[in-house]
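In what comes next, chain A is part of two complexes: it sits with chain B in the first one and with chain C in the second one.
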Partner chain A sequence: MAGAVAALAARESGERVVLARRAPGATGLSGGAISVAHDPAAIATTPWAARAGVVESARRIAATVPGHPYDVLRDRLDRLWNAVEFATGQLSGLLAPPTGRNRWLLTPFGRAHPVATCQESMVAGDLAEVRGVLAVVAPRGHLWWDAGLVASGAVRARPLGAPEVRVVPLDLFMWEDAALARPFDLARMLEAPGAAEQVGAMLRERLPRFAAAALFPPVLGLDPAARVAERVSAAAGVPVAEFLSDLPSVPGLRLQRALEARLAEAGVDVLVGDVHDATGPGAPARVGGREVAAASWVLASGRYVGGGIARRGALLEPVLGLPVLASEGAFAEADARLAARAPGALTVRDSRAAQPLLAAGLKVDPELHPLDAEGRVIHDRLFAAGAVVGGHDQASDGTGMGVAIFTGWLAGRAAARAVPA
Partner chain B sequence: MAGTKRYDVVVLGGGVNGTGVARDCAMRGLSVLLLEKGDLASGASGASSGMIHGGIRYMLSDRAVTELACRDAGFIRRIAPHLVFRIPFLMPFASQREAATLAERASWYATEVYVGTYDLYQPLKGGKPSTRLSAEEMYALEPSLRPGLHGAVTLDEWGIDGQRLCLSNALSAEAHGAEVRTWTEATRIVREGGRAVGVGWRDVLGGEHGEARAGVIYNATGAWSPEWGRGNGVAVTMRPGKGVHLSLDRRFSNFGIICKAVDGRQMFLMPHEEESIIGTTDDDYYGDPDDLEATADEVAYLLEGVESVVPSIRRARVTRAWAGVRTTLYEYGPTEDALSREHELVDHAAEGAAGLYSLVGGKLASYRAQSEEVSDRFMQVLGRGLVPCRTHEEPLPGGDEVPDVQELAARHGVAAGAVARLVYRQGSLARDVLRLTEEDPRLKLVVCRDEGLIAAEVVWIARHEKVRRLQDLRRRCRLGLAGCGGLDCARLAAQLTAHELGWDAERLRAELHDLLEVSWRDRRPVLDGWQLAQEELLRAVHRGLGGL
Partner chain C sequence: MSTRLGALSYLAWRALAVQPLKRASGHGTGRERFLAAYAAEGLEPTTPEDRAAAEAASACIGCGLCESGCRLAGVAPSLRDLGLHAIFRLYSKSAPGLLQARDGLDACAGCTGCEPLCPTGVPISRLVRWFQGRAAGWLDGGRA
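Now for the complex of A and B:
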């Protein structure tokens, strides 16, 4: 996500942009919505309506989590919203326009999860907006999801503003072999002509009284152009949405594909392959056998899934060999010894606590220049964005995509400005 | 309060010695209650190397241990043929120099003779005799070995799933009338006039409590014995030794490989079920057995030892580190490795607790013989005359026959790879498990691709295998232990289990969190390489989306 946003932002500034990558990154493995920040000051019983909006939440995180990218960028947070609007604008067919407050979407684990924006096919499932009963569909033909568990997230959140929920068993996925299909196959099955309409008609028969929306597993078509959610909704006579996905993630793949399509449309040159012989801006590097020279570089190679940070006996940044200095908790201050510490020393026993090993990455200045162990800028045309930047546990702290979009947007624009005339 | 009930024998501890004795005593007609404060096999039995080896290491000091172990390994193969698999080992001849010295050659010859002597015991356990391999033959069999080795001898051993072995004994004991309570702790000994006449117990999950009276109380709580004894006014002395193993995400080598650690200790890398295991450390342990974790230096020590003969181990993906505490007979002075693996039944009569017995020492491979010896003694104490032991003749549940995998796979339309793993775990009961898919074809869904686990087996386990917590499935079917760490399987297995056991959504979430927490503790000391990418995904899904 960070790399794509940086490329699109630099492209918008009129520069020629190459996006070099090893493989699709963590975005395709995401739940398919965009979390930016939720209010750290809220306690479990604070009603959603009383919680801070997305940007104010980011400010509060900056003030309370030392070393978090929002803290490093605290003087630039007034631009966070521009970045979020830029990214959602780039993906406008897929993503719904953000409202400024968090939407609350259910997950397969029975939890209401705050997101700044989500796919159009998820909007009707925003618990804070459903006025009436939310019908949670239980497909009787497949064991992968437990509608009762999903619905429990809304039951628990009733005092916070969630609607009443009702589980509605449907004879869905009853056809041959569907019981053993993986989510992608189920999504494809619903794209077939007549399939979505049939599901909608079934739902119409079973809708509870006062149903205001119906929630399905996140398999309402792989291709957004098949408009599965809309078709089901039209046949059922009620707004229809998907809940968020764990892995494998159909919405995650949709998001990745939408990014690819947008990059191609915007004229970004995408090169696939390992990066070799990279020394930094100005000098050529080889990407998948081709030689690439660029005046400005944005390193947006992700954390461990993306391969931007690795640990092979010690923590390292494999492309340019930059020092891994930033983390959180006890390691929030730049620490040259971080990289060599044993995994046990960089983690704690309680899995819910902050885990410095999983928050490790590059240290950057407010211009997103990576810094060396002495705090010096390594190169003034080298920028870093997304999860390769340390100081936040991007997988779990609810700011991951927001940091990717914000730092990607800032770094892409800065990289474009830094190109010598 | 459940009130007071009478039994002939109360067994404390659901490890292999506790479940083995419960089975033996129940089969001889005694009424038995087994109490386990956690899950079955949650201590040393479940953290053993998973071998019923003949104890070649003990041949120098304890030849009786070797013979007993080999004989009993043969019996275990007979009563649980599905759970036992062959692990051929290579013992490479290494020299520090290019040309081996005379002394080194002499020591290799001694090794050959030594292994040759072990061959005398191999027929007892159905093992193959050893072979001397030239360097060329050795590299053809195991190309991952470092260059410059001078050949090897082979050594045949048996692997086993120690956790399912305990479960099978417990289920068999129940089938013979015993009562087995897991997640139930023995709170205190009830004493009357110099005798231990019973124990109080408390269900740690439900809070129910009661008292059990018995003629014999058998303390088989392993590493927990000394502390439990202190709390109850009896002394159980031992030399507890911590043993750490590492698991790799796949079968890394074709053969088991014996290596030398930096301090000269023997250790191994071996393929085991769907993974490879590196083991083991042996260090005196004075800590709390409930608070056992592998440390960075133990992990480094094990990897370094294997690296000396298999250099590519540094590129392997270590998925977890796990630890157990051995209980060896107390001796002051000898190093850990030199301690005897013999066992001893301690009679606490002199401490005013006649009728209370504690087991110290022993090994997994000889659990059945140890249990027979202990049960003989209890029959005598209880004055119940001569009822012969039959635990070496009657198969454990599912052990009567090993069904044909291809035939079952074809009949039920389930992938042969998954059926093979099902048959491995369940033996002949695999037929009953697959029958569930005839009523509900959804149960053919694969829950874990690493372990070949299908939904029907999870349902079967929840119904029939004494599951009280989700984490019990770690020990029934290795849920969440393989490379994926629970990414694919944890939620689905939790949903299926919750449905069977009537858990509501809050209990399901609590159980899921508990499972993930214990799994995290195993992975924490070894997070490196691609395992870190897996951890990032796990965290995104379970912490990020699940809020667990």
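Now for the complex of A and C:
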């Protein structure tokens, strides 16, 4: 995500952009939402309406989590919203426009999760906005999702602003062997002419009284152009949404495809392959058999899934050999050098405590230049963005996509400005 | 202390006396002796190629994204039910388990729809061909 946003931002500045990638990275693992920041000052019983908006939440994170990318970029957080609007605008067929406050969407495991924006097919499931009863659809023919568990997230969140919920069993996916069909199969099946309308008609007959919206498993079509959620909604007579996805993720694949389509449309040259012989901006590097020489670079290689940080005895950054830092406490500390230890020594027993291994990465300055072990800028036309930047646990702290979008947007624009005339 | 001394003495006795004597008495190469001891359990000594394949396969995080590009998923029940990534997990748990995935491997070789989708860059088609050869070698070895 960070690399794609950086490439699109640099392209918008009019530069020629090459995006080199080894593999698609973690974007396809997305559950369908864009989490940017949720209020760290709120306690579990704070009603949603009383919680801070997205940008204010990011400011509060910057003030309370030293070394978090939002802390490093605290003087530029007034541009966070521009970055989020840029990214959602680039993917406007897929992502809904953000509102400034967090939407609250249900996960497959029965939690209400705050997101800055989400796919259009999920908007009607915003628990803070449903005025009436929310019907959670339980497909009788499939074993994958537990609608009761999903609904329990809204039941627990009733005092915070969630609506009343009802589980509605439907005779969906009832053909032979369907119980083991994969989510992608189900999504393609619902795209077929007439299939979504049939589901909608079935739902219409079983809707509870005062139903204001209906929530489906996240398999409402692979292609957003098939408009499966809208077709089901038209036939059922209520707004229809998907809840967030577990893996394998149909919404994640949609996001991946939308980014790739947008990159091609914007004229970004995408090269696939390992990067070899890279020494930094200005010097040629080989990518998948081709030689590329770029005046400025954005390193957005991800963390462990993307391969931006690798574990080979100790943690290392494999493309340019930049220093990787990890810290038990504040990432901002100058002696954050735990990364030289074996990765097994970077986890702590208390699973709820911060795990140094999961926040390891590059240290950057407020211009997103990676820093060496002594805190000096390595190259003034080299920038880093996304999960390769350390100091945050992007999988669990609720800022992963926000950091990717914000740092990608800033780094892409800065890299374009840094190109010598 | 005496326990530790006893253990070390026993190890020294094995290393300096028993093992050289066994080797000298001509019970075959290390590979042959391994096979004599473990072939009945379906185990084979690992080769450097095995280890390279296992390392490449270990990048699989089981996310299932590859399934969306699998053109054979609709026709090969063994693939559809387990998912392609199950082959990697099967292999990492127990190498002889590969035989159970043989139908899936045969059905899948030739289609490369999955490979560009893997978020961690597992070289899926190269591994599938390698696994296929490994499974075939097992059967031809007459130990299935």
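Heads up, the rule we're going with is that the second predicted complex is superposed on the first by the 407 of 421 C-alpha atoms of A that agree within 3 Å, B and C clash if a C-alpha of one lies under 4 Å from a C-alpha of the other, contacts with A are read in each partner's own complex, and residues count from 1 in each chain.
As a working rule, a residue touches a chain if its C-beta (ideal position, glycine included) is under 8 Å from a C-beta of that chain, and two chains touch if they have at least 3 such contacts.
Not measured: the values here are computed from a predicted model.
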item: Combined model on chain A where chain B meets chain C, clash or fit; value: clash
item: Chain B versus chain C as contact partner of A:180, first or second or both or neither; value: both
item: Touched partner set for A:272, first chain B, second chain C, both or neither; value: second
item: Which partner, chain B or chain C, touches more chain A residues; value: B
item: First, second, both or neither for A:253, with chain B first and chain C second; value: second
item: First, second, both or neither for A:305, with chain B first and chain C second; value: both
item: Chain B versus chain C as contact partner of A:222, first or second or both or neither; value: second
item: First (chain B), second (chain C), both or neither touched by A:28; value: second
item: Which of chain B and chain C A:152 touches, first, second, both or neither; value: first
item: First, second, both or neither for A:113, with chain B first and chain C second; value: first
item: 25-33, 151-159 or 421-429: stretch of chain B that collides with chain C; value: 151-159
item: Overlapping contact positions on chain A, where the chain C interface meets the chain B interface; value: 26, 29, 180, 247, 305, 307
item: Touching residues (chain side chain B, partner chain A) in the complex; value: 293, 295-296, 314, 441-446, 455, 487-488, 491-492, 495-496, 498-499, 504-506, 508-509, 512, 516-517, 520-521, 524-529, 532-533, 535-537, 539-548
item: Touching residues on chain A, where the partner in the complex is chain C; value: 22-29, 177, 180-182, 184-185, 222, 247-250, 252-253, 256, 272, 305-307
item: Residues of chain A defined as touching chain B within the complex; value: 26, 29-31, 107-111, 113, 141-144, 146, 148-149, 151-152, 155, 179-180, 244, 246-247, 303-305, 307, 310-313, 342-345, 347, 349-352, 355, 357-358, 393, 395-398, 400
item: Touching residues on chain C, where the partner in the complex is chain A; value: 61-65, 67-68, 73-74, 77, 80-81, 83, 116-121
